[in-house]
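Chains here go by letter, A, B, C, D and E, matching the order in which they are written, and residues are numbered from 1 within each.
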Amino acid sequence: MTELVWLVIALPLAGAGFLHFAGKYLREPLAGWLASAAIGGSFVVAAVAAVPFIQGGEHGTAVSLWDWMPAIGASMEILWDPLSALMALVVTGVGSLIHIFAIGYMHGDERFHRFFTYLNLFAASMLTLVLAGNYAMLFLGWELVGLCSYLLIGFWFTRPTAAAAAKKAFIVNRIGDLGLMVGLMLVFTTFGTLSYTGIFERAGDELTSGLATAIGLLFLVGAAGKSAQVPLYVWLPDAMEGPTPVSALIHAATMVTAGVYLVARSASIFELSTVAQVTVATVGAATAIWAASIALAQRDIKRVLAYSTVSQLGYMFLAVGATAYVAGIFHLMTHAFFKALLFLGAGSVIHAMNDEQDMYKMGGLLKKMPVTAVTMGIATLAIAGIPPLAGFWSKDEILGSAFERGGWFSVLWIVGLVTALLTAFYMTRQWVLVFLGQPRWDEGIEPHESPRVMTAPLVILAVLSVFGGLINTPLRLTLEHFLEPAFELVKLQHPPEGVGMFILLAGLSVLAGLAGAAAAYLAYNRSSDEWRGFEGGFEPLWGAWEKAYGVDDIYGRVIVAPGKRAAEAAAFQFDIPIIDGAVNGLGRVFRDLGEWARPIQTGYVRNYGALFLAGTIVVVIWLVAGGA
Amino acid sequence: MIVGAEWYMTVAAALFLIGAFGLLLRRNALIMFMCIELMLNAVNLTLIAAGRALNDLGGQVAVFFILVVAAAEVVVGLAIIVAIFRRRTTASVDELSELRG
Amino acid sequence: MVEPILFVLMSMAALAGAVTVVAARNPVYSAMGLLGTLFSVAVLYVLQLAHLVAAVQVIVYAGAVLTLFLFVIMLIGVDKEEHWEEPLRYQRSFVAGMAGVVVLMAAGLTFFTDFDWVPAAVGGTDPSRTIGTVQAIAEPMFTDWVLAFEATALLLTIAAAGAIALAHYRRRPH
Amino acid sequence: MITPEISWLAILPELGLALGAAAVLLVEVQWKPRAQVLGMVVAGALTIALAFTVVQWIRAQDAVAGAGQLGDLVAFSRMILMDGFAVFGRFALLVTTAIGITAGWRLIEGLGRRRAEALALILLASAGFSIMVSANNLVMVFLGLEVGSIALYVLAGMTRSSSTSDEAALKYFLLGSFASAIFIYGVALIYAGTGQFEILAIRSFFSAFIVTSPGVILIGIALMIVGLGFKVSAAPFHAWAPDVYQGAPAGFVGYMAAVAKIAGFAAIARILITGLGDLEVNWLPVVAGISALSMVGGSLLALVQADIRRMLAYSSVATAGFVMTGVVGGATSGVLFYVAVYALQLVGSFAVVAAVSGPANSASSMDEYQGLATRSPGLAAGFTILLLGMAGLPLTSGFVAKFGVFSDAWSAGYQWLVIVAVLASVLAFAVYLRVVVNMYMSDAEGPTLEVPDTARWVLMIAAAATIIWGILPGSLLDLASSAFPL
Amino acid sequence: MLTWLILLPVLAAIIVSLVPSRRSELHLSLGIALAVLPLALAGYVFWAFEPVSGYQFIEDVTWYAPWGIGWTLGIDGISLPMVVLTTLLVPIALGASTSIEKRRKEFVVYTLLLEAGMIGVFLALDLFIFFVFFEAILIPMYFIIGIWGSDRRVYAAVKFFIYTAFGSALMLAGIIALAFTHAEQFGSLSFALSDLMRLDLPIGAERWLFAAFALAFAIKVPLFPVHTWLPDAHTEAPTAGSVLLAGVLLKLGTYGLLRFNLSLFPEASVDAVWIMGILAVVGIVYGAVVAIVQPDLKRLVAYSSVSHLGFIVLGTFAFTSGAMQGAVIQNVNHGITTGALFLLVGMLYERRHTKLISEFGGIQKSMPVFAGFFLFMAFASIGLPGLNGFVGEFLVLIGAYATLPVLAVIAASGVVLAAIYLLWAYERVFTGVPEKPENQNLADLSTREVALLAPLAALVLVIGLYPNVLLDKIAPSAEAVLDHVVEASGLVIPEPGRLADVFVTDGEGE
């Protein structure tokens, strides 16, 4: 079965190709079902191929497909090991559900089939990324998911905001990719190959810690771009301009986790540099609390989730930075479940509210759409870290690992703890604002529960959000054992051992989660005047949060505007007048010389004679002087 | 006492230069043309003096041909001048400066 | 002793005539100056034993060419004094400058270099060979130089045809 | 009994031309026939001349190959030579004459009864220049030069349809005579210095004696360079060229310019390279300087002309500079090849000028060429090929020619001159492109031009030669390189 | 065989020119049909080409023996892709020229002659022949820009011609110098590349000659700061002209640097690494920055060429195997993508008669297929992995890092800038609501137009995913060039994986 693992990528790719050319001839739901079938098939293949890992003892195999760029040792090859298998399962699993959800969500869109083309292409790209057997192919997937993200964010291209957001997402990603690319140059120059197996086995012997730091930090830049870490996170909130299934799939469950995957995959390199580890973790923690604070004050239902995603990705970075790779990947997985659920739920709400996204104009939807409300409630609890839901286990493992690592990581642990409180607060705030209280929606909106095709994925994801955490509890470390072969070259950070420590730490984080949730419930399960007053009590902090600290504005003024001015100066004040001016000037010099010389030809024959004689005298003197 | 050829040639050179500068100073086409005759005479004098010094008759023979050339030039030159005069009633070359630049 | 005196006199006359050609304001005087030069030069030819050439100089130049000049001067009626102003800017100063340069060059050549006028005598040793009698000239003229002599025929044909072509003038050729 | 040494073969071409001229004049006087009849007489004369030139060529090649005596190539008591160099030059002259007459045929027809004189003058001019290229004696060179030049003075003033034609004739005449006087003074001084008129003897003189203070010889060389530089319109002795090219009748200008260039360069090459080769250390820098000044100055001035004939004149100044790099290079083959191909291009170009602005007209503004490509595509295409050829673009004979002379100059150690030359070539591109722009890139509409068949033929031949010798230059290059002077 | 590659377009041009002018409907179709023949022949050559180093299909006929000029043609892995690209782009360019109404016959003839010249440049192994073709192609291109261009066409055409001719002028002097050096050292003139490569040049002379050649090629590339003819030429040229200009003509510069500068002047090339590298990198960044704010779509793509070609020059002078292969394949890639972009802009121009970005907006609504192609090609140009542009740029960057790390890192920023200018342009042209009424009902691509773009798009994908189709044939020849440089100059090329050679220990001192 392992030999056929390329099918995991090929199925959605084929789906995309087929839909691209034949999609417009299919009737509406058919295209969606076809796409879902493609990725579903991919899930099945992945699941079957992953069986040996579950049974244990397998280390993974590399499947070589074809040569790509032999000069730099880049080929098309798949590394099928537990890590990539897990990622593939998450991507295809969550992806399938979102595909199905989208069939309902995109109902009636005139470019319905195109949407599924892109979704399938995205799935193929993401799978290329996670299944790649070398960095070049990882980079291929890495960029292709960026492309799909671009296409899907800008799917409704007639909206200028969507188009701008798409472009912003791609460009900010590219800035990160620059780091990754330079990192790859360094890797290739160091190892003479880009293949994982070649690199990781030799890293311990051949890599100095200076180089490892350099590579690690450069990878971090790339990861920060893709995974929306400080300071490159600004594209992700804007990316919510895309259709909600896109937000769920790309900007919550899969693509944005690529950075985490990159760091985990490169564990052997990060292993050699404490500096890189600390930087990754610090960036992660900073992102977590920074984004969480912004999420507190957002009114847009999807923006809350977007900042929440940024924040949760920060957690994952904290984990992988602390070398708790399993914890990071674990959180990645659980986060995929509940964040996808949240986004889909939000999509369901938006769908029901005729594309209204302002939570202040919702309220009381619990009765109108119970399935959505309940499933979203579960997800809210999961992300808030309430046991025994999925988020609790994974978040707790991260915090525990950070605590155990000690030193600077203790500070990061505290940050994580505070973030847990904030997370619980803003998530509860969201749920309360949307589903409880009095309806505040505009005239003419008739909220209704979404069709079965949309709610079914919600339910499945809700189940996963509830039970998904159980695969890696301190009692039974299934996931860790599963992933062990992938990390056998590195030392994994674990939470402190012992039941007492566990209860203490878990208790602290649960307390934080409960406190946050309770505070939000109390603050927002009231009349709108009252909670508006509550928010006003935090001014001017609340305003800053609501405006996301004005970072976009600062970037605009500090980077974009001066950059554009510089480009304009280069183009219109330098290139045309000076460089081209010099060229044209040279041409003009010759013309002017000609014009200047023209009057010598006065038309008077005696002047000609004088010129002639002068020339003669010069020639005579020249010859005589030369001969004498 | 024999005057050396160099003296004759010096006189010839002076004559040549007077002719050359005269050509530039006078605007009457006829006089310019006379100046050319002066120059050709200087050439002839040079040839004869040199031939004498070289003990060679070639110089004198060459002078004949130059004389013929001068004569032919005169015929054509005067014809041109006359032809122009018919149209313009002037022999001043300074009035012929339409072509320039 | 005759030769140096004659040389000096005739040279002075030749140069004076040349200056007259250039300087006279009346074209007729210029023609007269030219006549003087031609005669003086003819005498110089004689001093150099080029008798035939001297004779031809007088006959052809003074006799024919100069007459032609005078005839044209009269024909086109420019036998009056010309204005002495120079209409062309810088022409005179430029010419004067060139003259200065030439004089300087001549002086330089004469006084500061061993400038040779006639470096080598390559002819025979018999000085009588160079006496320009009719016979002496005729012999090379019609043997070695016969082709050049024939070529002058072309010249004269051109002169004739050219003069006709140019003078054959209608007021409106087309 | 002293008899002149007669070698008929050596002068048969010239004799043919001269007799042709006489025949034209006589036929005209006697029968006043139609123009075509005169044309046939001229064609006959040219054919005879060309035929004997071919015979001369065979003789010259045989002599060089050892089948004859090299001495056979020296004729008329060493007055003229029948070496390959002379014969090649003569052949080029004759072909140029034939094509030039064809190009100017419409003008000749329009001359009425004076057409006989015009034809006779052309034939005589060619005979004169033909003597010039083969002369071994400097006085012969001078005679040939004068025969040719005086005829050209007359041709310049021949139509007299406009006042500029007069002006051109007078300017040409005065300056030409001035230059001739300077040239012959140079000859006199060389004679004074060496006792020789013969180029070959001068060469022997310099290889036999080392002249310690060459005094008059150097001045003589300088004056000869100046005199011949005038004929080929090298700067700064070029001032006549633009005015004459513009003022003289368009039907003749191409011919006039082309034959003067061929003969002038043949004489320069023979005198300097053959006769004074041992003194090249003295004259090379001067010729190189003239060459550079001509290339740069000519191109610069051509760049700003509004009249196409002045433009062609200045570009011919530049071309004189380019050819002179070949003289600097010391190889006559490059010079011969260049002038041969350039002569054709020049005649062809003026055929176009005559077709566009009238053969007798002297104004030919660039504006008249606007939209020529639509009004008369063939004319425009042919002209473009010629212009590109003159510019020296690859795949034209002009490029091969330039490449040849530049190579020669480079190998002679004049690298700086080659660099100046290639840069001046770029200026020259700009010059010629302006015309192409006018012809092809302006949408001006106008009536279709009526182009005489003779002009078409000339253009076709010139353009074809430009292309063929651009792609397969070997044939002509081989001829040129076997046409070395004795 | 190779001679026929050159002659076929010439014959085609002659045949087309023999068709009477009034049958204007025939010229274009006949031209396209005939232009397929060289493509087929080139395809055969590609197929028959053995992936080994050295020249194949050599033809060597003496042209003019006394000058040592030979009609020497040969093809190797460096020229092979360029020849195929040329033969492919010409029929496409012709196919995109249906909107040319005036003097169509001439247009077809010039284009075919241009093709012959371009193929000649790539095949020539004799410097004389090379120069002849190198200069000769200026003429048809000059006419194509000057006759069928837009408003300032004459200015652009003359500038194009004079600027490039200026560059090659000194090269001509250099070629002559080489031939005579050969005459000095081996006794006879020769212009054959293989002969001239054996010359023992003093380093001073070698540097001067390198400079003379490099200037010619730098202008052709064009390298900063001699690039300004390019935006003008591209902007004014008709679509076919832009396609061939970007697709092939610019490559003559990079090809020349690789083929002649490196082979003939290896030592000077090594000495010039920093100059060329810095110019290349400045070009990459500068071209991209200037492209961002261009108001005209064609100018934007033109400046992007300046940026992209910088990568090729950088790759050429990085002297590593990967970079060199990247440079060669990037020659092809840029030809395909930028050629396609110019095709697309041309198609847009035919519909709207403007290329100003501000005139558009939201046209993805009415022209989805067009928008798709544009975006596809834009991403290929941006260097998206999986598409062809990535292969070249990535190879160059990764390869160049080993020898020129700083420059490679700065060059990498070009990929970010590329995303900025292309995606911003895409945003302004294609997205949003079409507000201008003339943008609302634009016709989408016709079948003909799709047929023109489809092969290019297919190549973009094929090369992007399986570049070995070219790299197999490129690699041995690129290695051979590199070996020659190494052998002649004693350059030590750090091998990837040998850390000590390449990475100067940083501040941490470990």
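Throughout what follows, a residue touches a chain if its C-beta (ideal position, glycine included) is under 8 Å from a C-beta of that chain, and two chains touch if they have at least 3 such contacts.
Bear in mind that the values here come from a model prediction, so they are computed numbers and not experimental data.
Asker: Please identify each chain that touches chain B as well as chain C.
Answerer: Per touch definition, common to chain B and chain C: A, D.
Asker: Can you figure out the chain closest to the middle, judged by Cα centres?
Answerer: Here the chain at the core of the arrangement is E.
Asker: Pick the pair with more C-beta contacts: D-E or A-B?
Answerer: When the contacts at D-E and A-B are counted, D-E has more.
Asker: Looking at C-alpha means, what's the farthest chain from chain A?
Answerer: For chain A, the chain whose C-alpha mean is farthest off is C.
Asker: List the centre-to-centre spacing of chain A and chain B in whole Å, with centres computed as mean CA coordinates.
Answerer: Computed from C-alpha means, the inter-chain centre distance equals 96 Å.
Asker: Could you tell me the distance, in whole angstrom, between the mean C-alpha positions of chain B and chain D?
Answerer: So the centre of chain B lies 25 Å away from the centre of chain D.
Asker: On a C-alpha centroid basis, what's the spacing between chain A and chain E, in Å?
Answerer: Between these chains, centre-to-centre, one finds 36 Å.
Asker: At what distance in angstrom does the C-alpha mean of chain D lie from that of chain A?
Answerer: Chain centres of chain A and chain D, defined by C-alpha means, are spaced 78 Å apart.
Asker: Could you tell me which residues belong to chain A and also touch two or more other chains?
Answerer: Residues 587, 598, 601-607, 609-610, 613-614, 620, 624, 628 of chain A each touch two or more of the other chains.
Asker: Two or more other chains touching the same residue: where does that happen in chain C?
Answerer: Within chain C, residues 88, 91, 95, 98, 102, 109, 113, 117-118, 120-123, 145, 148, 152, 155, 158-159, 162, 166, 169 contact more than one other chain.
Asker: Which chain D residues sit where two or more other chains touch them?
Answerer: 139, 143, 146, 150, 153-154, 157, 160, 169-171, 174, 178, 182, 192, 195, 213-216, 242-243, 430
Asker: Of all possible chain pairs, which ones touch?
Answerer: Result of the pairwise touch check is A-B, A-C, A-D, A-E, B-C, B-D, C-D, D-E.
Asker: Under the stated contact criterion, what part of chain B meets chain D in this complex?
Answerer: Touch residues, chain B against chain D: 5, 9, 16, 19-20, 23, 29, 32-33, 36, 39-40, 42-43, 46-47, 49-51, 53-54, 56, 58-59, 62, 65-66, 69, 72-73, 76-77, 79-81, 83-84, 87-88, 93, 96-101.
Asker: Spell out the residues on chain C that touch chain B in their complex, using ranges where they run on.
Answerer: 1, 3-4, 7, 11, 14-15, 18-19, 21-22, 27, 30-31, 34, 37-38, 41, 44-45, 47-50, 52-53, 56-57, 60-61, 64-65, 68-69, 72-73, 75-76, 78, 82, 86-88, 91-92, 95, 98-99, 102, 106, 117-118, 120-127, 129-130, 132, 136-137, 140-141, 145, 148-149, 152, 155-156, 158-160, 162-163, 166-167, 169
Asker: Hey, which residues of chain E end up touching chain D in the complex?
Answerer: Touching chain D: residues 63-64, 66-67, 103, 128, 131-136, 138-139, 142-143, 146-147, 153-154, 157-158, 161-162, 165-166, 169-170, 172-173, 176-177, 179-180, 183 of chain E.
Asker: In the complex formed with chain E, which residues of chain A make contact?
Answerer: Those residues of chain A that touch chain E are 66-72, 76, 136, 139-140, 142-144, 147, 150, 154, 157-160, 162-164, 166-167, 170-171, 174-175, 177-178, 181-182, 184-186, 188-193, 206, 208-211, 213-214, 564, 566-568, 570-572, 575-576, 579-580, 583-584, 587.
Asker: Inside the complex, what are the residues of chain C that reach chain A?
Answerer: On the chain C side, the touching residues are 88, 91, 94-95, 98, 101-102, 105, 109, 113.
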